[in-house]
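Next come two complexes, and both contain subunit A; in the first it sits with subunit B, in the second with subunit C.
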Partner chain A sequence: MSVAWEQLLPWAVALPFVGAALTPVLAARSPRWTGPWAWGVVLATVAVTVGLVAHVAEAGAFTYAIGGWSGAYGIELRFDRFAAWVLPLSLLFAVIVPFSWRYVVVSLEPARWGAFYALLLLVMGGMIGFSITGDLFNLFVFMEVTSLSSYALVAVGGRGVAAWAALKYLFLGAVASLLALLGTALLFVLTGSLNLADVAARLGPDVARGPVLIAFAALVTSFLVKAAVFPLHVWLPDAHAIAPSPVSAVLSGLVVKTGIVGLVRVVQLFHAADAVPLAGFHLALAWLGAVSIVMGAFLAIFQDDLKLMLAYSTISNVGYIVLGFGLAAPYAAVGASVHVVNHALIKTTLFLAAGALIHQTGFRTLSDLRGVARAMPQTAAVMAIGAVSIVGLPPTAGFLCKWYIALGAFEADRAPFGFALVFGALFIFVYYIRMVNALYFQAPVHARVAEATEVPWSMRAPLLLLAASCLVLGLLGGAPLAFVEPAVAGVLPVGGP
Partner chain B sequence: MAPFGVDLDYVAVAALFCIGLYMLVAKSNLLKKLLGLNVMETSVFAFIVTSGMVEGGDPPLLVAGAQPPFASPIPQAMVLTGIVVVVSVTAVALSLIVQIYAHYGTLEVDELKERP
Partner chain C sequence: MKGWALALVVVVAATLAIGVQGLPTHDAPEAPIHDHVGARYVERGVEETGMRNLVGAVLLNYRGFDTMVEVVVIFTALAAVLALPRAGSVADAPEALPVSPVVLFVVRLLAPFIALFAIALLFRGHVSPGGGFQAGALFGALFVALGLVLGRRGAARLVPERARPWLQAAAPLTFAAVAALGWALTGSFLGFPQAPELHAVREAMALALEVAIAVGGGVILGSLFQTMEA
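Coming up: the complex of A and B.
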């Protein structure tokens, strides 16, 4: 008998949560060991997700019924090809946690170390749970676990300013979660079930259209806020710029993607039920995405604060993903799915490199950081590789997905969106060129920048590893595209655009 | 009870939701905003709980003489979980508000916006 792989599924959630619960206990005895402990927990989770992805590649989607209560009665965990993004997600945590060691020691008092790592593990567990649950209400709960830990993480480093940014994030995030709960409640009232597959099966033509549309709109709005798509992005820049850099990497690279995963789940649900006019919805998504790309890039051009610039660039990149799904073409959907992962990688690279620069020099604006490449050549090189990747130049990780999304735009006979995409890329190119120019080709204005030393190896090794991954994923990018391809039919509207 | 063809509880839920939203958007004091958020959340919980009601239904307990139809127990389990979530959100928000007050000395949004 073969190994029962689906038995691994609950461990992917349980490991980080139990690890997080034990972290404060450890912190009370020896705060120094909380970092290595958190890393151990993350590595164990990586091992579990490797097993899960290997199984889904071989045998297709599989489920696990918690406590043996199957289907409509119990809570079901479900692992499909979209959920496979939990592997790169936990791998990125395995890089971010060691990077944080030195950062945390310098910028937080020892009493907060335990809380910091516990919250990081909770964010990871929440996102993994969110991605693998097959239950609507469970989706809400895991979203709240992720969001609540994120609010706290934004505030963990600073005092008043950080708390104010975190509270703005909390108010919008809480309303978004509430809308998701409202949509869940409406669907439960209409169908009497919370299981995603079961709800889809019960949303027949005899169910009242009005409430179904309200539920759909509430869920979609909620996830668009979480994903920070343009008009709903107002909470993002402050929260992502003020948080400690490893946290910015987690928030900007990974947490906004819960919104995307949520969108995918909702579209899968309503796709199966064929209950709402998905073609019109996809067109709206494409427009939102296009506007997001251009506006995010436009706003980023005017930023002098390095991390604020990166935060606005996240809005553009989420725009690419949303546009990719909205184009309703197989190529574009494949590109968008992979960009979820690649953008996470690139944005983590950029935020950690920015964190390293800020950590060593004490400055955070481009005008202050001029000429830092002479003192910190390796970190600046990582920053430059990240910039080239996010603009989407070959041969880096950003190129392939954007190329696929553009291909999809022409495939779907919607060339204007393809032009919006290229136009947005030009904008993005402009401000990243400005950044590279400031770091490399301008004379330092501060003595501290000229005399800065390279970051210690515990921070440098993660940076170099991430930069190398940006290049490797650009050169060997076909595998993730091929992996996700069989799954995208489930998020395209029935009968084409 | 369904005057004008709409159940009264749905009217109450919609009214509570709008009152909470108004407080959250229009009030300038952070504590009042938080209260508005709580009112909104309560309205959604009320909606979920009332959906479990079955006309003439018994409590869903397996005791001697229990007769179907039973009221649905799932909404209550959902709302319990939801309350736990909302209490945590409120606790985090309150602790952030305490920090904001300690740093800025005010809870009014229009004054907070003017400070760096």
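Coming up: the complex of A and C.
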């Protein structure tokens, strides 16, 4: 191919940022064009990421020296097979943005439209930058763009509970960011460098162990908070449940994954440096993951609020991912990497479908939404497909990666974790069965639910597309697994578990 | 609960205090921060970047990409505030608040000097401490002080309404434009041309960034203050 795709790497970040900066300018002239404009920016970003992923599949991981300063002297971007998740990420934005048009028109006054779409583009650009940078401080700055826009997007919904949830999210997120900054500063003092690969190379045996361990712990804790791993999840349920549904999809499906990507980057760094006992760390991760799976699922069972239930379900799904990496077995790490993407897809499907139900009926609890499937059969079907996928039943997107993580547990000779996984899946099965039961098999209690109409096509088309993707990714699930497989060796402890 | 929190704080603080014992001290000449990347900046920064202020060289050139994302962070803060539900608009605000004559006099007296100092910081930034961010902070302070005296509606007139969204987005947009120009001239995103005959272009690129950071930062700080509820 004649196009040098690797030359476009910085534009994967710059496009959404420029688009975001221009959105309020456009909003000052005609607010109603801000939605289509944001969509256009997302589609352009999708085009760039398609090229990048094609290039990494063909030629392997590559770096881009910003300003021509290679090595540690400037800032390097690095695109590897983990970073390739920016393609599904931007594809999901390409679905979420049109879905949100309707919400924006109904719920926000025109003066706020520009800022809302600008924030959506900023959170996307922040996550893309976070995933593709090869520089420790740059990682922190992109994390700040992502986090700041996420806090604000939670608060967009209203004044009372939304503001409080956003504030709680802000405080915990700010502490986590400070920890990441502390870890970055320590590594800089120890090595004199911020380039991830260079830091790894310079963390030789003569570097003081104490500060290295503190830096490692600070970075890992920061990213575990961002990923909402139990018991560091306390900010998540309210924030994700109270946010407008398109925002919930972004936060729950995508933003928590920046914590996972950060974790992968830290582990890659320390794996290459061989500076901390990673085997013990992986065991701790596996435990945290297992506890997250069970506790997230357990807490979800008691929720009557549809979106709160989905929010707790995110905690258990992040648990699957963390457990997968913690098992330190190739199968499990491959499964975990792909679950990052599959959960993003499934959770987006579920939150948008839930948003559609809430949008049309005005109710948000399972007991109020009883029997809504009769009036809104298509949305309910999307919800059911999402539920089946997240439980991990074949032939949906959730099945293969959970299967791989379980395989990894047995491969690593840690069968108990495999059982924790199955146990968690049972819990998850229970509450999604409850949800499907309420939507389909109970009689409506509210006239508004019985007489609800299907959502308009601007919302329905994204939902149907997402549900179809859940099925397609289930049937073609092997391709992403094979794609990420060559990269996982870099996140496993040296010499195996 | 409070006891647990206190215990946690003590344990974390103690771990940190013990953990950082092995850090190299700042005054040690052989410390890694002095003899690796930093050493190269000091030795060759002026020659490689053409900027006489090494801080500026790192900020705009070596690590310009960080600065680009930082101005996006500032823009994000503004977008965040503008996306929140608001109590009232500028149009509802009273024409001017009752202001004490002392405040009025002091602000009127100081305003031109603050503006002058901000401009001096901006244009001296390439040789002495200062630069776009510092000037932007001063411009922001100027807007806040004038806002106190003029009231919300009066202060809103300081920046023309049609230009306001452009000025708020000035820093990210200028960064993208300079990055694209660098891309076209040198082949790398945000690259500054090194050739002697393009020296003027390089200077202009750096100056454009500094001015955009100052103007954008100042207008955003002023807008944040404007959006605050009385």
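Criterion: the second predicted complex is superposed on the first by the 494 of 497 C-alpha atoms of A that agree within 3 Å, B and C clash if a C-alpha of one lies under 4 Å from a C-alpha of the other, contacts with A are read in each partner's own complex, and residues count from 1 in each chain.
Following the convention adopted for this analysis, a residue touches a chain if its C-beta (ideal position, glycine included) is under 8 Å from a C-beta of that chain, and two chains touch if they have at least 3 such contacts.
Quick caveat: nothing in here was measured; it's all calculated off a predicted structure.
By the touch criterion defined above, A:142 reaches subunit C but does not reach subunit B. By the touch criterion stated above, A:490 is placed in contact with neither subunit B nor subunit C.
Look at A:188: by the touch rule set out above, it reaches both subunit B and subunit C. Once chain A of one complex is fitted onto chain A of the other, the partner contacts of A:125 are limited to subunit C, with no touch recorded for subunit B.
In the superposed model, C is the one of subunit B and subunit C that contacts more residues of subunit A.
In the superposition on chain A, A:178 contacts subunit B only, with no contact to subunit C. In the superposition on chain A, A:164 makes contact with subunit B only, while subunit C stays out of contact range. Of the two partner chains placed by superposition, only subunit C is touched by A:24; subunit B is not. Within the superposed three-chain model, A:151 lies in touch with subunit B and with subunit C [touch as defined at top]. Note: residues 137, 141, 144, 148, 151-152, 155, 159, 188-189, 192, 194 of subunit A belong to the subunit B contact set and to the subunit C contact set alike, using the contact criterion stated above.
Residues 24, 30, 33, 37, 40-41, 44, 47-48, 51, 72, 74-75, 78, 81-82, 85, 88-89, 92-93, 96-97, 99-100, 102-104, 112, 116 of subunit B touch subunit A in their complex. Residue ranges on subunit C touching subunit A, taken from their complex, read 15-16, 18-24, 31-38, 40-41, 61-66, 68-70, 72-73, 75-77, 79-86, 89, 161-162, 164-166, 168-169, 172-173, 176, 179, 182, 186-192. For subunit A in complex with subunit C, the residues that touch the partner chain are 7, 10-11, 13-14, 17-18, 20-22, 24-25, 27-28, 64-69, 72-75, 111-112, 114-116, 118-119, 122, 125, 129, 135, 137-138, 141-142, 144-145, 148-149, 151-153, 155-156, 158-159, 186, 188-194, 202, 208-211, 213-214.
Against subunit B, the residues of subunit A that register as touching in their complex are 137, 140-141, 144, 148, 151-152, 155, 159-161, 163-164, 166-167, 170-171, 174-175, 177-178, 181-182, 185, 188-189, 192, 194.
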